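In what follows, subunit A forms one complex with subunit B and a second complex with subunit C.
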Partner chain A sequence: MIGREDLPVLAAGSRLFATGAAESSFQLAVDWAGAVLDTPVELVAAGDLPPGTLCVAVSLVGSTTALGEQLPEGQEPARAVRALERRLGRRAGAVVALNLAAENALLPLIAAASLGLPLVDGDGSGRVFPLVEQTTYTLGGVSSTPLALAGPSGELVLLETAPDRVEETLRPVVLSFGGWGLAVCYPMEAAELARVLVPGTVSLLLEAGRPGAPRSVAAPYGVRRLCEGRIVAVEGSSGHGADVTLPSAPSSIVVEESEGLGRLVRLEAHNEIVLALADGAAVAMAPDQICMISSADGVVVDVDKASPGMRVEVLVLRAAPAWHTEQGSALGGLRAFGVPL
Partner chain B sequence: MSGPRGAVGGAAEWEAPITVAELVNGGPLAGARMYGAGESPVHQVRIVDELAVFSSVAPHTAVVLIGAAASGGWAVEMAMRRAWEQAAACVIAPVGAVGAGSSAVLSDRLGITLVFVTADPLVTAVEVASAAARPAAARTQLVARCATRLAEAGASARRVLGVLNTELPGTSVAFVDETGTRLAGRAAALSSGAASGGTAVPASGLAGRDPAVPASGLGGRGPAVHPAGLEGRGPAVPSSGPAGRGPVAQSSGIVGAWPAEVVVRGPAGEVLGRLVAGGPARSAGWPSVVRTVLELAVAPLAAWAATERLAAAGDFALQSALAERLLSEAASGSENLEDAAGSEVPGSLGGLEASDASDVPGNLGGLRDSAASDVPGDLGRYDDPDGSEVPGDLGGFDGCDGPVGPDGFDGAEGSESPAGSKGGSGARLSGGAGALGAPSGSGRLRGGRPGRRADDRRAGEGVWARAVALGWAVRGPVSAFMVRPSGWTADRQDSPRAGEVIAATLGGAPVVRRGDGWAGWSALEPGELAERLGACLRALPWPCAAGVGTPVTGLRAVGESLLGAEAAAFLAGSGRVARSDRLGPAELLAAIPGGVLRAPATVVLRPLMAADREGTLLETLGAVLSEGGAVRAAERLGVHRNTVTARLERIKEVGYDLDDPATRLALHLAWHVISKG
Partner chain C sequence: MILGVAPGRSSTTVAVVRHGVLAWWRAYDGALLPARDGESLPASARASAGSLGNGPAEADLGEVRAACVAVDLDDVRAAPVAAIRVGGPCPPALGPQVTHPRGLATIVRGGHSLTRRPLAPLDAAAVRAFAAGCGLADFAVTATGSPVLADHELAVAELIAAEVPGARITLSYEFGRPGLRERERQAMLNAALRPEAERLADAAASWLEGIPLYFARSGEGLVSAHYFRRYPLICREGATAAALHGAHALPGPHSGRAVSPGPMGKTEAAPTGPADRGRGSVAVSPGSVAGAGEGGGFPPDVVAAFGAALAGPLAEVERIVQARGRAELDRALADARDEALTRVVSAGAAPGSARIGEVTVNPLSYLPDGLYRVRVTAAGTTP
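Up next is the complex of A and B:
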């Protein structure tokens, strides 16, 4: 069960490796969750649900900053879930997260609380990817559509398209909503979810978010420290050659290792850090997650906020095994980010 | 690399694989930005558009990045890493591929040469491939270009050296005299032994930076850690192939006589000096190429020497000024020629004639009388402490109020002491004081600021270089000489003619106006010098006498030799040459001005002369005293011994006691004075 009292812990856990979190938006999500958590939400393992239970994934789509500016009216989860239910002709029996980075760990909880549904312990990523279809659900053959998107001004869009068209179709819609929307997608039965889920990750966050818990607890498949050093240059990257659609422009962060060999570590970022080179040799790459933790305050440094002079620790989180398959690399590996390696 | 090849060593060197540095220095990559030493030979070229291609890249390949492989800093860095693993020769990337200098830093860390080109990489690839496939042809191209540039440079040591140092980038060339002193060009050429195989000097802004130190923009960390050390650590390093291989391994195989050296001979076949090229020899073929180019420069340098001689021969003022400058520098000890780095032939060489050059000697005379305060200003310009250049305005000597400027006068500030007591440089320039080359004149003027250096460098070809071109002795033992008019006073218009004749008969020697005559120095042995001066006296259109000083060890001490030469010339009779090391009592006696002794001598000899109408007694007296006895006196006079004895009796009869030493000395002195007059 996740009650109001668990909220701070979950919130802290959700930010241990999350990038791109806007402070005010995140606080808003926490407050929103606090408002709807009158009764605690049941946290269940996918396998413990009746196999035929319809499960839906909940995720924020668009800009997290916009969430803080264009305030939610509160019924977004309900409207979206109901829309999907109408389309499918079935009632949803559980809510699951698409990924568990910052707001995205809270919104499924909000949806579950709003609708009185249990929350499945797990997520579709094990980490965070920028695209809706970059999930283990997709890897498992589950379609992200039909997808219902609810906007803060009462908008509701039901999207039905081939999964590889979702991102492109959603983006202009989200812009017209004012920057963000709440998506309910990947409708599937509990038995299927149990097969494609990265399990137990919500519990991990609750554990890792406790004061004093080591950060590594939040990394189910292990985390390693790439280096600690100082950012010496942030270069606009001239692109990675391939033509991919990603929300932000590529950039390149050069970190000079302050210990050991004093290597020159180049973090190639496209929406997130997708490739780490140490003296020209690739030492980490997507689908593993690479993130910079500020040495000053232990907070994850957003790619866009990196600036020369900052001292950072570069960590690499190993992705779920599903990501390390051929299929997984195609969906969440370097090439998905336009790096032709 | 340069394995057993053709029988002819030279040819094999020309065919030795071309190195990256050569490509950048004078080949198809000329002007490209290079990071790293570039010592690796290039055997072939590979165009790489994706990293996967690297697995089939052979060692000593120049890797040209295009497309995705050049699509950003990360791609170039990965390419460099892979290139390093494959022991490639270098990575060539389009200049836009990388924004900041971090790739350059990585180049240092990995020891792999990185070249940025502005041209289309595909075109570059073809050109590099062509050079790599036919190294001899590529080198020949460089030589041909050098030949063209040298032809354009014309007969100027400075420009010739300029061409050599520009067209052979990364290699330093200097022109040195026989003792190894640099006359023009770069000092680095002479320290090449240490520099060999050392730091690369890219043509870029990185020049001079120690390549082992990463670019400062990325933090002044210590020397690069050899990336081999990475192998044991980086878990994601794709290959362990390169472990243990050092970048140094690529530089092995550099052979050939290095630094390269070529002897430069003057118009008459005499050795003027040597051209020395040094710096990192980055390929087996490079020394041969450099030597060939140096040989191309020999003819222009010989022509330069001939031109200088021609110019100086026709211009007494010019060569005289040059000689003065040389003396003052020798005296002030600035023979180290620190900045003899070549410079322009003075723009005023031609202008000198226009600026009333024939006035020079006259003005030198004028300086003797003028207030010393005038002089130091000018001299200050010549006594540049470290400069060895002829100042741009030689006219400074001819009093044409040239750009003496505040510089010159500044140098004179401390001039009171020596100038006051010794007549300073005025005295130095006046023959009588004979202070030529004495340190007094210049030492005090050496306070000049380094700022002048640059001016002087711009202004003139190195004074020592020009002296060498003129065939003057600037090293080793020299003897001074002096030629002075006997019985007439030389006009300043006579100087050019005198200078010409003297220089011609001595075979190339500096001539300066000195006192009432002309002085100079020569490397000839004193006997030979005296003989040639004899010929000179016969060739001169006026009656003159000449003196030769004792040999001294070097130009620095020539002032001492000149004192002797002046004394000897003073004593020598008209048409005769006296050597200061052979001066006898007669010469010493004669050193006393004739007018002073003439009256007392007449008094001493009057009784004898009264009795001796034909002068036979006086002649006999002189012969006996000079020869030390009647027998030899008889031989000298060509008379019988008894005749001499008889004449001596008559002299005694007049009243002289020839047995009294004092009387003999008085008579002897008086005889010298009277007979000489």
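Up next is the complex of A and C:
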């Protein structure tokens, strides 16, 4: 069970490696979750649900900055889930996360609490990717559609399209909502979910978020330290000349290593960091997750808040095994981010 | 010559700083801003501050270019605030958080999305009704989307001013930060501090009559008294910040700063001893206390007053801008620079001295159409 008293631990765990989480939207999600957790939410393993239970994935789509600015009216999860139920002609029996980074760990919990449904222990990523289709659910052959998207001004859109067209159809809609929406997607039965999800990751966050727990607890497939140093430049990037549909503009962050070889580590970011070059040589790349941790307070530094002078530690988290297959690498590797390496 | 002033609970410390060096200081009995039943600075102290008491003969008022006050506002009495949020309905847990027992808040329709789209027309009737009926004079206004477009905040301010003559109005966009609830909290806090900030600025202005008056910001830098009256929140930890800068600049084991021997020498008291307020002024030769520890062994108020006097006016602008392509972004950046320069002059910088400090541009993650967070700081010197 996840009750109000577990919220601070889950919240802390969800931020250990989360990038792109605006402080205001994260705190908003925590307060929202606190307000709806009157009754604790049951945390279940996908395999423990009746195999035919309809499970739906819940995720924020769009910008956390927009979420922090244009607040939810509160009914977004219920409106989106009900819309999907109407389309499918059956009731949802459980909620699962798309990924567990910051707000995205809390929104499924809010949806589960609002609807009185259990939350499945696991997620579709094991880390976070910027696109709705970049999940282990997709790798397992599950379609993200039909997808219901609820916006903060009462908007509701039901999307049905080929999975590879979801992103480009969704983005203009999200923009017309004001920058964010709550998506309910990947409808599938529990037996199928058990096959395609990264299991046990919610429990892992509850463990990793406890005071004193090492950060590495939240990285089940391993974490290594790339370097520690000072950000010396934050620049716009050409986007590597590739023509890919990705939200937001690319940027580059240059970190000067303060120890060892004193290398210049260049971090290529596109919503998040996708490639690390040390003195020109590639030393880490997607699908593994690269993140900057502030040396001052141990908090993940968002790409859009990085500024010269900050001292950071650059960590690399190994992605779940599904991402290191040929298919996984095509969906979540460097090329998926438009870097032709 | 610049004066640093650190108002304490029962005394007021004045430091004289010449060419970045602490030349003389004195703690006067009496608070600059007394508690309702407390003792204010005696007239004699005011008179002696006028001539700087037993200070160096050359330290007369004619030479004083500016007085910089270092004060923390944590303990000042907060006023009840009328908070107006412009936006859509939300769960009660996400509504405006009123902390004062007599404070009030309302949500009226209106605001803009980050893409500048109007969410709803501003509900002017609701604003008027709330302003006229709340019975309060300190307002905090926060509109959805104001870091991108502040039109609705400005419109609300006009409506309030028409309904409540003499209202003190804080607009959240002045604080720039994205995140509606954080900005709202800042605006409400600022509004709550304004009445006491005005009293403090009045008291300092009357005590140091004729001297250009500044207040230390939290972080670094100064703002003019005029600016402080409107935005006291940015000076909320002014004394703490000034003390940090002061301690760093004073001679000590961690400071590499050279200190020239003070012109005063050691006149009236033990040079390394703390001030004994009961016995009038204490003059210290900075050179004689080198190595006494970070902050040079001076009383904390002296260190804070000294730190404040070292700083210069500083202002910042934070906005979210929409720009398609480099040319539009450059234009938006030029606007932000101009605004920062105007603001630092309004914060008391000599116009010729205003210059751009840092410019930071970051694309907002997960939003297309070229939305950028832009932060510009501008700095200057006191006249």
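The working rule: the second predicted complex is superposed on the first by the 341 of 341 C-alpha atoms of A that agree within 3 Å, B and C clash if a C-alpha of one lies under 4 Å from a C-alpha of the other, contacts with A are read in each partner's own complex, and residues count from 1 in each chain.
The rule is simple: a residue touches a chain if its C-beta (ideal position, glycine included) is under 8 Å from a C-beta of that chain, and two chains touch if they have at least 3 such contacts.
Model, not experiment: these values are computed from the prediction.
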item	value
Subunit B versus subunit C as contact partner of A:V232, first or second or both or neither	first
Subunit B versus subunit C as contact partner of A:S63, first or second or both or neither	second
Touching partner for A:G122 - first (subunit B), second (subunit C), both, neither	neither
Subunit B versus subunit C as contact partner of A:A306, first or second or both or neither	second
Touching partner for A:E73 - first (subunit B), second (subunit C), both, neither	second
Contacts of A:A281 with subunit B and subunit C, given as first, second, both or neither	first
More subunit A residues in contact [subunit B versus subunit C]	C
Subunit B/subunit C common contact set on subunit A	236, 250
Contact footprint of subunit A on subunit C as seen in their complex	87-94, 111, 113-115, 117, 119, 144-145, 147, 178-182, 320, 360-371, 373
Touch list for subunit B against partner subunit A, complex	50-51, 67-68, 71-75, 77-82, 84, 96-97, 99-100, 102, 105-106, 109-110, 217-219, 221-222, 225, 227, 229-230, 233-238
Sites on subunit A touched by subunit B in the complex	230, 232-233, 235-242, 250, 252, 254, 256, 260-264, 266, 268, 275, 277-285, 339-341
Residues on subunit A engaged by subunit C in the complex (per definition of touch)	20, 22-25, 27-28, 31-32, 34-36, 62-66, 68-74, 130, 152-153, 171, 175-179, 234, 236, 247-251, 271-272, 302-307
